[in-house]
Structure formats: structure tokens, C-alpha cells
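One chain, subunit A, appears in both complexes that follow, with subunit B as partner in the first and subunit C in the second.
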Partner chain A sequence: MRQLTGTLERKQAYLLLVLPAVMIYFAVIAFPTIFSIVLSVSNYQGGAVFGEKANWSLVGFKHYLRMFKDQYFWISFKNNIWIMLMSLFIQIPLGFVLAYTIFRKLIVGREFFQTVIYMPTIISVIVVAILWQSIFSPYGPVTSFMRMFIPGWENKLVSHPQLAIVPVLFVMVWYYTGMYLIIFLANLQKIDQQVIESAQIDGANEWQMLKAIILPALSGVIVTTAILAISGSLRSFGLIWAMTAGNPARRTSVLALYMYDNAFKGAPNFPLANAISTFMVTVSFVFIVIAKKIEKRFGGKE
Partner chain B sequence: MKRLLFVLLALAMVLPVFAAAEKDQAAEGPITLRVLNYADATTPAYAVEKEIWDTFRAQNPDIVLEYEELFDEAFHTKTEAYAAAGRLPDVMFMWPSGRSSTLYNRNLVKDLTPLMAPVKNEFVPIATSPGQFGILGQIPQSTTNTHVLYANLGLLKKLGLSEPKTYADLVAMVPAARAAGVEVVLIPAKSDWVMQSCLFSMVLGRIAGDEFINDVLAGKANFTDKPFVDSLAFIKRLYDDGVISRTALQIDYGEGPALFASEKSLFYIDGAWRVGEFITSPDSGVALIPPAKQQSDFKLMNFPVIPGEKNANSSSVIAGTGFGMNANIEAGSAKEAAAWRLISYLNSAEVLKKRLETGAFSNVTRIGVTASKMEPLQVMNAQLAPAKATYVVDGILDASVYGPINIGLQEMALGTATPEQVAQTTQKAFEEWEISN
Partner chain C sequence: MTQIQPMLKPKLSIGAIIARVLLVAILIGFTVMTIYPIIWLIINSFKTSKEFQMNRLGLPIAPTFINYPQAWKIGNFSMLFVNSIFYTGVATLAIVILSLSTSFAFAKIQSKATKPLYNSFVIGILLALESIMVPLFIMSIVTGVYDTRIGILIPYIGLGLPIGVYLGTEFIKSIPDALIESARLEGASYLRIFFSIILPMCIPVAMTLAILTVTSLWNEFMLVNILASRESLKSLPVGILKFSGSLASDYGKQFAALVIGMLPMLIFYLSFRKQIQRGLAAGAVKG
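Coming up: the complex of A and B.
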């Protein structure tokens, strides 16, 4: 095979190899993102985007102002934050604890527990939502169970303005913890068993091993799961849409659902929907940068 | 290797030419129509719905249907997405206003008046007159009571209660119903449109009347005026009095009929179109409420007398749904003829008779069409005539105005907004809408 000798030839070869990927990235990621930002400062109301029939212009940041003034935006954003906090401080630690318990053989029937905990993740999100909606229904098993102890108990779990999001958070823990369990378990199994055995011979207890060996080795994975949790929290849609549709009175809405409502329900407002999407991308980016900084500052080395 | 690459490249360049030629040939053959239908695959009448479309396909081999059907919010989302993307189907299920307002406001559907002209006399005037948006965008197949109070007289009797005449009678039923572990009135209000369309519209018609809405639209009245606030306050009172439980906000629209049929409440509020859910399924032969029980234990009625009402026994009524045609289809083209053939078939006596028999409609707009077999609830539905028909809120107001009402009705149920606050929000939305129009 002929060697590439000249600088120009090498540059051409580089471009030839890189260009397809750059073009695909531009078409699939960069262009839609930029286009969404442009739409968010326009008065576009559907129809042709380019060409003679296009009928829209730039109108500034009025849709962002409207978004920030809307109480349902803040309710949705607050719910996203709750979901994110729940993912970071309940799902990930729980997933880790379960994975560690299985890895260290602290329980019997490890494979059974591993399967049971991971099982929800492989079920369709819509099926899960409908299942739990029926369970929490005023005529469902939760109500029947509670009425065994408190006759006449009225199930207002999802019709309380402040607590309506709690059943949704519970379902999310049930549904997604298995995913973190598998991620942690896979990475725990990569840790050299001899290191753990040496530590045991040296008399290290479970906590010392966890602190000195396991957690530092998993710091990168913890950041990865945190990024997954943050981006996943901001993208939450399907489960909530099927379970509560964001109601009652948008008290269980999240930003993605708020965006959907503005884009497709009633009087569609595409610029506002794009303003919401731009906000979501920005927030997601900021949180991920923070997670990376924290890992750099406190994380160990794998 | 190079030769093989050359042959492949040449084939890649030539094949599209053949494909285009094939496409041209196809253009002279069957006409393809993209159709978006609104259908609930879980309803007992679904077998009949399928049969209606299969019959058209069999009778019209020269028309190929690219058929798509959806139900509830999924249908509306897809319609809005199609409208935004400029990919609206050729023939689509539509509302006379409300949820289809995008299609009217953006002139995306054809005015069917010229096509309807030759057969105009075969329909009642409402089916051939331009609607709220000044065009005949779809042919309404029926007129619909959006409010019906389904009553379980058998359960009332069991609890020693009798048919209510006034709202106070309903309130008086609350202790007995609670003791028996049932609700007084059940309404599947998880989706916010249900409360507005199936209850609040009727209440507004009774207390404020159509004149009030006309005055608001003409700038002579405001949503913050007493009649509108009183109407909202009545909805709040229903919750406060325990006539409707706040748990109604957790009940999915699809769940409602089964809960009522299994005696979870004395009364059930929904549209007249929901009768079809209770009758015998042509497919399985099973009914949610068997015909004999429908006759002995159930009744369809209007809401009893409301305090402060000025239109006694009125109810919210709207021209029904129907099928419209994409405005981009060229006038006089073969495609327009095919689309009109489909719409005409869907409005034929043969199809409308089937729809009457499934309980989907309580009446049809085509003159002289009657059903040969009807179950007791269908007969009651056909006979349910309010003293006066009033507006349906989402049929007369723009989506940007009725949207805040829909949410506001849920806010009041949660106790997070007062009727006055909901009225103010509505007025603000109306003023913004006025400015943008």
C-alpha cells in the first residue's frame, strides 16, 4: 500500500475520513439544536420554514419571558429538579448498595434478586405507567389495602397539589434502579479480585474496603451514572405522560411535558416549545459540567 | 474489483430512473389517499368501525387507503404534528371547532360547500352550513349532547334514594352514598377537557347562557363578570359539597364507563357518545350493562336544577364530528373525486345507520336514517332532548382561551385557585387572543 507522504495528502485523507461523521453530527445534532434556538426567538406558527411560502420572522426573547412568567413552567422545572435529586440521591445509591450486596455475596439468591430488580427496566414504560396508575387509582389495590385498616379512606395520593408528584417519584425509583444496579455490578466485576482478597488478608473490614478500594475505582462510573441520571431526569416524559398526563392541574408536569403541551395541545406555540427545549438543553449542560467538575475535584482514579 | 464497483455505480444511477417510470405508471392506476381516523380499538363498536372501512376498500379497488387511526390525545398530537410539518392526510376526522381549530385557522382544510351542494337536501341544515370558521370544513355526522347524566336507578333504589330533581337533592345523597362506599357523581376528569366539555359548558349555559358568551366575544362583557364567576363557583361547590370527589382527577377517561357499570357511583357524567361503551359489543356479544338491566335500572337525564340557573333544563350541544379534506388537493382532480367518494361513503345511509346502531351517535344529520336495532340506553339517548341547546366552551372559544379554563377547573378542585382567579386568568388569555387576532 502506498504511504501518504505529503502534508496536503495527509490533510485530504483526514478530511475524507472525518467529513462524513462531521456531516452526520451537523445534520442530526448541531443543525436541529441551532434551528431550535432560532425558532425560539421567532414567531413561526407551522407551515413552510424555507422558501417563498415561509412566513415567519425573528421577534426576540419574548417567548423566554413568557415562559419564565408562567407558573406551570416553574412547577414543571421544580418537578424535574425533584426527579433529578431523587435519581442522584436515591436511585444511584440504592443501585450501588444493591449491586455491592450482590457482588460481595452478602445475600443468598443473588441471581434471583438481580433479575427481579432489573426486570422493570425491560418492560415498556407505557405498560409500567398504566400498571402503576391502576395500582394508585382511587379504585385500585392501594385503596383497597388502606381501607382494610382505615374504613372509608379516600385515596387522594395523586390529587394533592404538593404531593401528587410523590407516587410518580416512587415509580421512577422502582423502574430505573435496576439500570444502575446492572451498571455498578458490571463495573464491580472488573475490579481485580486479588486486590480485594489482599485487603481482606491485611485485615481491612467491609467499610475500609469500600472506602479505599471500591469507591475510588468506581468514581468514573458514579459520574457516568450521575450524568445519565441528570440528562434522564430532564428528558422524563413517557412514564409521566402515560401515568398522569402532567395532571392534576399540571402538578405532575415536567419540562418535556410542558413543552409537549405547548407544542401540540390546544393552541400550538412552537416558538415557546422551542424556548423550553433550549432551556432544557442549557440546564442539562450546566448540570453535567458541574458533575464533571465534582468528579475532577473529589473523584479517585480507576 | 474496479469493474464491479463501476457496474454497481452504474446500476445505482439507472435504477432510480426505472423506479420513477414505475411511479409514473402507478399515477395512472389506483389513487392513494392518506387517511387519519379517530377510533378507539377497545370500544365494543370497534368491529363495526373495521367493517365500515373494509367495505369501502372492497367496493373501491381503484382507491388505496393509507389508513391510520388513533384515539384521544394521541390523535390530536398527531394531527397537530402533521399540520406543523405540512404533511396533513388527504382525508381526516375532524371536530367542527375546538380541537381542530388549527386546521381551520391555518386554512389547511377545504371548504366542502361546492362538493356538498348536489346532495345538500339529503342532510339537515347544520350539516351543510358553514361553521364557526366560515367554511364547511367537515360534514358533521350528528349533533351531540356533550353533557349527559347517566343514572343508576337500581342503585339509588337499593340505597333508599330517589331520582333527583334539584342540586340540593344530589347534595342530600352524599351521606348515604358515602356510607355505602360509592360516589354520588363520577366524572373521569384526569384529562382536563372532560370537566369543561361534559359539565362546565352545561353549567355555563344554564347560569350565563349563550348571550353572555356572545357579549364577551363582542366586547360587551368580561369573563370576570358575575355569570361566569358563578358558573365556576358552582363547579367548586360540587367538590366542596362532596357531590363530586376530588379523586375524579385521578380517573382516566377510558376507565369511566367500566367504573360506573360496576356500581362505583350513583351517577356518571360524560358525553352522549359514550352510550356505545355500555351496549352489547357486536364482536363479543357482551355488554357492560346488559340490555335488560339498561331498561330496568338505568336512565339518561339532564343535570337537575342548578341554583341561580336562568336556562332551565338546557344542555351543551355541538355539531358533531365528521370527515374533512386536505386543502392542498387540487379542485377537480382525480384525487379530489376519490377523497369526496370516501367522505360521501362515510356519510352514506349505510354507514350512518351502523353508527347509530353501535351507539356512537344518538342521531344522524342525514335525513331518513334510522336504526333497526337499538338497545334501551340508545333509545333513551335519542329521546334525551334538552329544553335549550347551549354552547360548548371549546366549540366557541379559541384554544388559547379555553385552555386556562380547562386547567382552572382542576386548580379549583385542588383548592389552588378561586373561581375569581380562574376568571381573571381566562379574561387575560382572551385579551391576549384578541390582540393577536
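Coming up: the complex of A and C.
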């Protein structure tokens, strides 16, 4: 009898502890995720979703076809790829180099450098976007600075359709590299100092040590940062939305912005917007699986 | 700061010295590049727009504080701050309590439901807000919570739960079972155990989670932007964006507004730097 009431109390307690979070999670994250996929193959244009007043049906993949035929989709997707490549081959290596310099104690005042480089990450993207917009704009300090070397230099950085993405990429390096620095540094500090010291005593040089001890110990973290970079670059949005709004001529658009414009600008096209976001999630999932496969192939630890 | 530490070993090859100098140069260069725009912004917030147009790089000749009270008043920053503090504070409190109660049940109470539920929370860590933005907007219209505070708070809480449940469960798992069993033998209910034993022990993880949540929610702007249109519901970042849009050529006030927007987070960061960085490293483990 005692046992029975114990079980009942346990079940009740479990329910009471778990239910509020589970309900909110399913309402705000899980359901919308599935709802988004359903919307992408529907013709929903607003109004009731369930019940008698609901006036929409499933129409198949026609929004995906429309998306693939749209030139702005390809412009946006291409920019996402640029951002991804820049994250993988500039931000991550740079973050590692900076972390390594601090870790190897090649300089004094390490706390200071660490603090400053991570600082941008905690500033609101809105502030960052407006600040850099001012810096790059024709009236900004970049123009004044360049004119000290090239008199009469004309600033086309924000108006030139092919160049406009460059300032955006630059700001991303400025904004996010600190994050990789901190992740690498935290994991470098987990490496046993004695292993490094004994390698030095055995006469290993910096490069040999890096190759034989440090990089193998970091292989798991490198994959983690790559996954962060991939998923982060596919959803990069806020900064561009506030900095250029995709302009000039939508040349700096990315998929998330292309989705936002279709959902919230002008006449809303909710199915198309959800087709875009479903595409984004799928692509990021595929890239993450590839990153995991590469990790296995090269025998990463963890 | 630029001085290189005395080398441990006297014999360093030329290549190694060049490599070290190069590494240090990259570090210093990147640091200067990081901090310069922020200093430039602060300096220029003390110039009038007129002076800024003639003097864009230098220090102010006649420093003025006038931009700040003016920007504060035009931007209605008092209201924006109250709103931001409300959203961030309430949502953070709810996320910490709900995550820990769920984590306790997942970690210490046997149930078949735990595994699928826990896994679905962990998947949520990887999900981006961007992929559920449009459905959230539609749901908020259909359910009638559009343009209300509760309609902003609930998505905020939901977005913070995955990482909270993940960190909380990992932490509570490390608390010895014996502690809970002996309390059970003394007749304490699970709820009592949660509030009087588990919660006090969870203070470190609660701090990490609270700091992570505060930094991300304070800067969040997209949800407020799409789920509310009333002026009185806007938060700090949304207000700053609107401010700079309407006063784009009044540089002095615009820079002051940006500094006002940046300052609370800078102070928060400089006070909790270690915890913020540790939180990032902890949150990034799972990717």
C-alpha cells in the first residue's frame, strides 16, 4: 500500500515538475517547427488555422519550385555560402591563432586581450550594425582614413553591388571571432601542461608540438566550432537586416532575410517564406552531417 | 603590453622568433581593430553633429554632453529600459526555475518519458529562431496574444529552455542519489526535495544559465519586432533601431543613443566576464 502511494506521488511530482516547461517548449519550439513544414506545402494566406473558418489546403511543392526559379533566392544563397566559407576559413583559424598566442603566453596582459576581443559579442547586433554602417558610409572614418593616403578617394563600399557584401563579411569577423577565441582557449587550457613541458624537454619545437599534441587534442572542438559556424552562417540575419537590409538592389541579402521579406514586407507569402526556412534547416542539417562524417573519417576523439 | 615575455629557452631558431613575433602582431592588431570602433563611437558621442561633420577622426575640440539628455528624451529611453528589464528579468527567472525543475525530474525521478522528452529538448538547442519566426507570428495572431506582453514572454521562455534543460540535467545528474534517497526515507515529497535540497545546490548552474539568458535576451530584437507593433511594448534594441532610422543625419544624438544602448551590456560583461565566457564554453560543448 505504502509502495503504491509512493509510485503515485512520484508520477504526480514528475508531471508537476516537467509539465510547464514541456508545454511551453512544445507550443513555442516543437509545434512551430512542424507547422513551418506544413505551411511550406500549403496555400495558407492568413486567417484561421483550424476549425470551420479555416480556408487552406495542401498544394505540394510548388512554392519550392518558385523559390528555385527566383534569382533573389540564388543571390541570397550565394551570400550564405560566402559567409560560411568566411566563418570556416577566416574566423575559426583566426580564433585559433589568437587563442594559441594567449595560451602559449607569448605576451603579457593576456586577460586584457581576451576581454577586449570577446567584447563585441555581447553588444546588441542593432548597435553593431548601425555603428559599422556609420563607419563604412561615405561620411564615416573609413573615407577620411583612406583620403589621408589617396586624396579624393571615392567610397563605394556600401553602394557598389558587388562590393557591398565585403563590409558585411568584415563586420562578421569583427563580431564573432572572439567567440571562437574563447571556445578554443577554454579547451586549450584543458590540455595537460605536463605533456607540453615534457615534449619541450625532449626537444620538440613549436610546430612539432602543435601537430603532435595540441591539434589532435582539439579535433573534437574543431568540429564543434565548424558546426557552430555552419549553422550560424546559414541563419545569419539580424546583422544584415539592420546593417544593409539586403541592399543595394538586394545584393547583400541572405536566405533568412529573403524569407523575412517574403513574410513581412508587402503582400505576405507565408508558404514561400516557410519553404525558404525549411530549405535553410535542411541544408544546415546536411552540412552538419558532413562535418560529423569528416570527423569520423579522420579519427577525431570525443 | 607589447613586450614579449623572456623566453624560457635561450636557443630559439630564427624561424621560431619570426613566428612568435607574427603571432603577437596578429593579436595586437586584431585587438586594436576590435576596440577602435567602440572608442571612436564614444568619442564622437561627445561632439555636436556640426563638429562631427568637420572632424570625424579626432578628439572633440569642444566636448559636449548635450547629446545624451536629448537622445534619452527623444528616444523615450526610460520606457525602453523598463520594457527590456521586464522582458529579460521575468523570462530569465522563469527559464531558470522551469529548466531546473524539469532537469531534476529528468535526472532523479525514474520515468519512461524522460528519454524522448530530454532528446527533444536537446534537438531544440540547434534550432534557429529564424526557422520558426513565421509560424510564431501566425500563431500569435490566431491565438490573440499578438501585441501583448505575455505574447512576447512565452516565446522568450521557450527559446531559453533547451539549453537550460541540457545544462541543468547534466549538473543535477552529478548530485549523489543518496542525498535524495535519505530525504525520501524521512518522508519528504519530491517537490519539497526540489525546493529545499536541489535548488540551493544548483546555484552555480543557475548563475551560468541566468547570465547566458540575460545576455541573449537583452539583445534580442526580432521577436519584439514581429510580435508587437505598439510603441509601448518595444524593447531597447528595437527602440534604438527606430531612433537611428528617424534621426539618421543627426549624428551626435545617434551616437549617444548607441552608447546608451551598449553601456548596460558592457557593464554587465565587465562585471561577469569570467562567468559569461565560461557559460559560452559550457554551452558550446554540444554544438
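The rule is short, and it goes like this: the second predicted complex is superposed on the first by the 269 of 302 C-alpha atoms of A that agree within 3 Å, B and C clash if a C-alpha of one lies under 4 Å from a C-alpha of the other, contacts with A are read in each partner's own complex, and residues count from 1 in each chain.
Keep in mind that, in the parts below, contacts are C-beta pairs under 8 Å (C-beta built on N, C-alpha and C of every residue); 3 or more make two chains touch, one makes a residue touch a chain.
These numbers were taken from a predicted model, which means no experiment stands behind them.
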**Study point:** Fit or clash - subunit C, subunit B, common subunit A
**Key:** clash
**Study point:** Partner chain in contact with A:A48 - subunit B first, subunit C second, else both or neither
**Key:** both
Review point. A:N274 contacts which: subunit B (first), subunit C (second), both, neither?
Key: second
Review point. Between subunit B (first) and subunit C (second), which does A:S144 come into contact with in this model arrangement: first, second, both, or neither?
Key: second
Exercise for review: Have a look at where A:V97 lands relative to subunit B and subunit C in the superposition and call it first, second, both or neither.
Suggested key: second
Exercise for review: Based on the superposed arrangement, let me know which partner A:A30 touches: subunit B (first), subunit C (second), both, or neither?
Suggested key: second
Exercise for review: Answer with first, second, both or neither: which of subunit B and subunit C does A:F136 touch in the superposed model?
Suggested key: first
Check your understanding: Touching A:A249 in the superposition: subunit B (first), subunit C (second), both, neither?
Key -> first
Check your understanding: Which holds for A:F264: it touches subunit B only (first), subunit C only (second), both, or neither?
Key -> both
**Study point:** Which partner, subunit B or subunit C, touches more subunit A residues
**Key:** C
Exercise for review: Mind working out whether A:I240 is in touch with subunit B, subunit C, both or neither, as first, second, both or neither?
Suggested key: neither
Practice item. Return the residues of subunit A at which the contacts from subunit B and from subunit C coincide. Key: 46, 48, 139, 260, 263-264, 270
Exercise for review: Going by the contact rule at the top, pick out the subunit C residues touching subunit A in the complex.
Suggested key: 1-5, 8-9, 13, 16, 19-20, 23-24, 26-28, 30-31, 33-35, 37-38, 40-41, 53, 56-57, 98-99, 101-102, 104-106, 109-111, 113, 117, 120-121, 124, 126-139, 141-142, 154-155, 157-159, 161-162, 165, 189-191, 194, 215, 218-219, 221-222, 226, 236-238, 240-241, 244, 251, 254-255, 258, 261-262, 265-266, 268-270, 273, 276-278, 280-281, 284-285, 287
Check your understanding: Which residues of subunit A touch subunit B in their complex?
Key -> 45-48, 72, 133, 136-139, 152, 154-161, 244-245, 247-251, 260, 263-268, 270
**Study point:** Residue ranges of subunit A in contact with subunit C within the complex
**Key:** 9-11, 13-14, 16-18, 20-22, 24-25, 27-33, 35-36, 39, 44, 46, 48-49, 94, 97-98, 100-102, 104-109, 112-120, 122-127, 130-132, 134-135, 139-141, 144-145, 174, 177-179, 182-183, 186-187, 200, 205-206, 223-225, 227-228, 231, 234-235, 237-238, 242, 256, 259-260, 263-264, 270, 273-274, 277-278, 280-281, 284, 288
Check your understanding: Considering the complex alone, what residue numbers of subunit B touch subunit A?
Key -> 73, 76-77, 80-81, 83-84, 86, 101-102, 106, 178, 181, 190-192, 245-247, 249-252, 255, 259, 264, 398-400, 402-403, 406-407, 410-411, 413-416
